[in-house]
Amino acid sequence: MDKIKMTANVIRQDEIAYEVYSLWLSAKEIANIAKPGQFVNLFSADGSRLLPRPISICEIDKDNGNLRLVYRVVGAGTKEFSVLTSDHSVEIMGPLGNGFTSEGKKAILIGGGIGIPPMLELAKELDCEKSIVLGFRDEEFLSEEFEPYGKVYKSSDAGNIGVKGTVMDAIKEYAITGDIIYACGPLPMLRAISDYALSNGIRAQISMEEKMACGIGACLACVCKSKDIDEHSKVNNKRICKEGPVFYAGEVEF
Amino acid sequence: MDKIKMTANVIRQDEIAYEVYSLWLSAKEIANIAKPGQFVNLFSADGSRLLPRPISICEIDKDNGNLRLVYRVVGAGTKEFSVLTSDHSVEIMGPLGNGFTSEGKKAILIGGGIGIPPMLELAKELDCEKSIVLGFRDEEFLSEEFEPYGKVYKSSDAGNIGVKGTVMDAIKEYAITGDIIYACGPLPMLRAISDYALSNGIRAQISMEEKMACGIGACLACVCKSKDIDEHSKVNNKRICKEGPVFYAGEVEF
Amino acid sequence: MNTKVSIAGVEFKNPITVASGTFGSGMEYNDFVDLSLLGAVTTKGVANIPWAGNPTPRIAETYGGMMNAIGLQNPGIDTFCERDIPFLKTKDTKIIVNVCGKSESDYVEVVERLADEPVDLLEINVSCPNVKEGGIAFGQDPKALYDITKAVKAKAKQPIIMKLSPNVTDITVMAKAAEEAGADALSLINTLTGMKIDVKKRTFAVANKTAGVSGPAIKPIAVRMVYQVANAVKLPIIGMGGVATAEDALEFIMAGATAVAVGTANFHNPYVTTEIIKGIEDYMAENKINDINELIGCVK
Amino acid sequence: MNTKVSIAGVEFKNPITVASGTFGSGMEYNDFVDLSLLGAVTTKGVANIPWAGNPTPRIAETYGGMMNAIGLQNPGIDTFCERDIPFLKTKDTKIIVNVCGKSESDYVEVVERLADEPVDLLEINVSCPNVKEGGIAFGQDPKALYDITKAVKAKAKQPIIMKLSPNVTDITVMAKAAEEAGADALSLINTLTGMKIDVKKRTFAVANKTAGVSGPAIKPIAVRMVYQVANAVKLPIIGMGGVATAEDALEFIMAGATAVAVGTANFHNPYVTTEIIKGIEDYMAENKINDINELIGCVK
């Protein structure tokens, strides 16, 4: 069983924060083999929008063959998805990318903004001690769902949730330690985490983003600069959709 | 009150023959002023299909502000409309075109195939003696709805409904007479009717078709050759969407 | 907030006009939009005498757009001056008359006839792909473009806008030829030559075989050409090609257009021009832009 | 029913191949389609040495299509020969290697290196709008195209397909130049140069500023060019540009293409190539066409 494109029925959808939606899809073939940190491509039903919308997998319910996606409305594609109800279906392709690799004894999971969702399935699956750091702009979402899996620390730009500032501020404030970091979030956050991890000798797996066309490594749209020569093109360009989206801090330059 | 573009809610839709659909829309502003023989433009919800689909008005329910359209699925646009249910709405513009003009004492209404629907509202509104001639390929539809308004004669290409042959065969077979003909249907049928009307000195109003873009007379896509110099461009080209779709036999050449 | 822009000294109350041939002379769209809200109305091409245009079918739908080969059907300049100009003068908007011809003398005849008419700008269509003579022939050869521009300019009483064809290897060569010959402004793009085959009927979808592609599908090509031309010549540009939203119009403005014409989108939504004007104002308010002129060519 | 077609003596089991750069060397799409079902696989452009390509963002969505400025990232011909050709040889399909370069000698080097490799056809990309040197520069000037064609042909052991740029005034001039210089076949169209501006960020959507537009949006332009070229030269044509359905492929064939390449559509639907092959067979059955070759150029 490998990645496929299929029609997934919508099971339910809820707006869990302002313009942030939680979408449960029935996608047995994908759910069966998906791992935390992988993503799926969602396709618009409107013929004027042909490129896929990559969305990380937030939860995998293998028993029922369901997938949960959590996404923010930022443009026409996500706007379209946000009105889907259980009467609808959506074209979906996956699972895509490498996903997170379990390692270490004491993990720090860091999610920033719409980078929080993929950390949830990881939190569920990781079998070790976990600190979970979640950074918000000014509205909290999903955080109580992390509670069962580890101690949850929070930060917010506005200061209304947890520590005022970034996830790095929360890490310092609470002196959070670990031997492996898993992170997903905006580029400045990933940069700060990379720097922190590299200078403290901690391994860090970070999940990257780039515009995508094929989602499977064929088109070379989604590359990021890599320290080592990449296997595919021999030019220090790793494909986020294929070698990523999860890379080690230091492996990619950004 | 003039023509507008609006969002019309679907009241109900039924397949009344193979790939022929009857669609009731709530479109008060249009229904209020529509006349038999006029048409509306329907717009696709898919951004890849931007041009309007012109569809004749089949029935006008002014009391409730509703319009009935009956159309055949021939391509992607009509296919899309055919799945609309009372949960949906559709963009619609109208009323467009001139419509039929009531005249004479003894009318022959002739509809061929998907040209039958616009004759229904006309049959309802015409206050005179009426013979109604309906031509089918091999499947009957809508004909019993004409019964209250006049004597209905039928023909079919396959011969399974009424006279085998065309509407002209039915007219000859039943020796149908009148002092005014109203007709809508395929080009060869309109041509035969025009010839018949002209050579017998009967007036005939025939409804024409052409590919359209604006639907209101601005783009000059939908012209047909006219006997007289047209008012708009002075070149014997009448606009079907504006001066038509209903023309007198002899007024247009085709 | 200032939305006024100026094309060759003619001030538009806002940058939005319509693309020639998609709006008639405005009469039909007057039922949907108040023409006085538009920066300018650009008319359908008009020739010295009536033209019958091409056989039907004249149009076909294409993916995300359409194609047309109307063939410049028009009533000729006499009827136009008697009927269309007086109508437009009742509206508080600028008037751009689009001029077409089969030969240099045809163009000059129309331009001379318009000299004493109350029109603000002349748009010279040397880029229609749908007529055998004239049209695009002038628009694909810099020398021919230079000559016709010069000839028209010599007789024109109003500023002239040369309308460029996108069906060329290097649009900046054409823009420079028009500039050197004395054009006051440029408009681009006209339609891209296309073809559609009806595979069921095994025939051309449009009777003329080839037809001009327009609509959102061609927008990226139009934006690129406007950007190239804005960075190659000093003339003001009326940008067009697939504009259907305020964002689309702003894209053209940021690429270097001073005004923007809306064409095919009118067919899909007859209210679109005024919606775009409103959308531009909203964008300016949200982004604290006091003067639309600040946005012209701001992306380099 | 015969679906076999022949390009310069190389027989495809059906007319469907993929457009260079949209399918890698087929490895990734092998998870979705059995490559042995395709008439041919056309590879991503390969140069004499590895190329890093352009900065990101490299792509943007456009209305009914997309634009890309990948910049021909590729591993160079050595890795390609070691890895990609052996992989493709395990499939029962023809191999078309797309060749790119910055100078004539780059192209010639790749072509010579491929002389003893088991590839069937060479497609020479002289039309990439996304690299500064080479690419489109050869594809917009008939003299340059003639010279590069001649130089490549002199060294090539396989038949050569010259891939033409649509960003020209008259595509038939280019086609004739390639034909005269000895090309064995032509493929067209490459992407149309476009631009997209992100009005929120007031910046270019693609880092390279301009990028090549592909997808259904450009199909009418591609069909027109294939028709023009088919009626101007004797060479077989691989048609492409926006093919997403069997009807699209048939449009190209009826316009005069012998084979058809599917590009951008793979991104939307990775199964699309085999669906198109099936759709063509269905069309032939329904319309009682015994041999696909009857349809080539049947609409005049």
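Order as written gives the chain letters A, B, C and D; numbering starts at 1 within each chain.
To be clear about the criterion, contacts are C-beta pairs under 8 Å (C-beta built on N, C-alpha and C of every residue); 3 or more make two chains touch, one makes a residue touch a chain.
Nothing here was measured: the structure is a model prediction, and the numbers come from that model.
Trainee: Could you pull out the chain whose C-alpha mean position is farthest off from that of subunit C?
Mentor: With centres defined by C-alpha atoms, farthest from subunit C sits A.
Trainee: Measure off the straight-line distance from the CA centroid of subunit C to the CA centroid of subunit D, and report it in whole Å.
Mentor: 34
Trainee: Centre to centre, by mean C-alpha position, how many angstrom separate subunit A and subunit C?
Mentor: 46
Trainee: Can you check how far apart subunit A and subunit D are, centre to centre, with Cα atoms defining each centre and the answer in Å?
Mentor: Between these chains, centre-to-centre, one finds 35 Å.
Trainee: Residue numbers in subunit D touching 2 or more other chains?
Mentor: As it turns out, subunit D has residues touching two or more other chains at 63-65, 216.
Trainee: Which subunit A residues reach two or more other chains?
Mentor: Residue numbers touching two or more other chains: 47-49.
Trainee: Chain touch graph shape: choose line, ring, star, complete or other and state it.
Mentor: Topology of the interface graph: complete, with all chain pairs in contact.
Trainee: Write out the stretch or stretches of subunit C touching subunit B in their complex.
Mentor: Residues 21-24, 27-29, 31-32, 44, 50-53, 56-61, 63-66, 68, 70, 73-76, 79, 215-216, 264, 266-271.
Trainee: Can you list the subunit D residues touching subunit B in their complex?
Mentor: Of all residues in subunit D, those touching subunit B are 63-64, 216.
Trainee: Which of the residues in subunit B end up touching subunit A in this complex?
Mentor: These residues of subunit B touch subunit A: 45-49, 87.
Trainee: Would you pull the subunit A residues touching subunit D in the complex into a rising list?
Mentor: My answer: residues 2-5, 43, 47-52, 93, 210-224, 232-237, 242.
Trainee: What residues on subunit C touch subunit D, complex-wise?
Mentor: Its residues touching subunit D are 62-65, 67, 140, 167-170, 192-197, 199, 202-204, 210-211, 213, 216-221, 223-224, 227, 242, 247, 250-251, 254-255, 283, 298-299.
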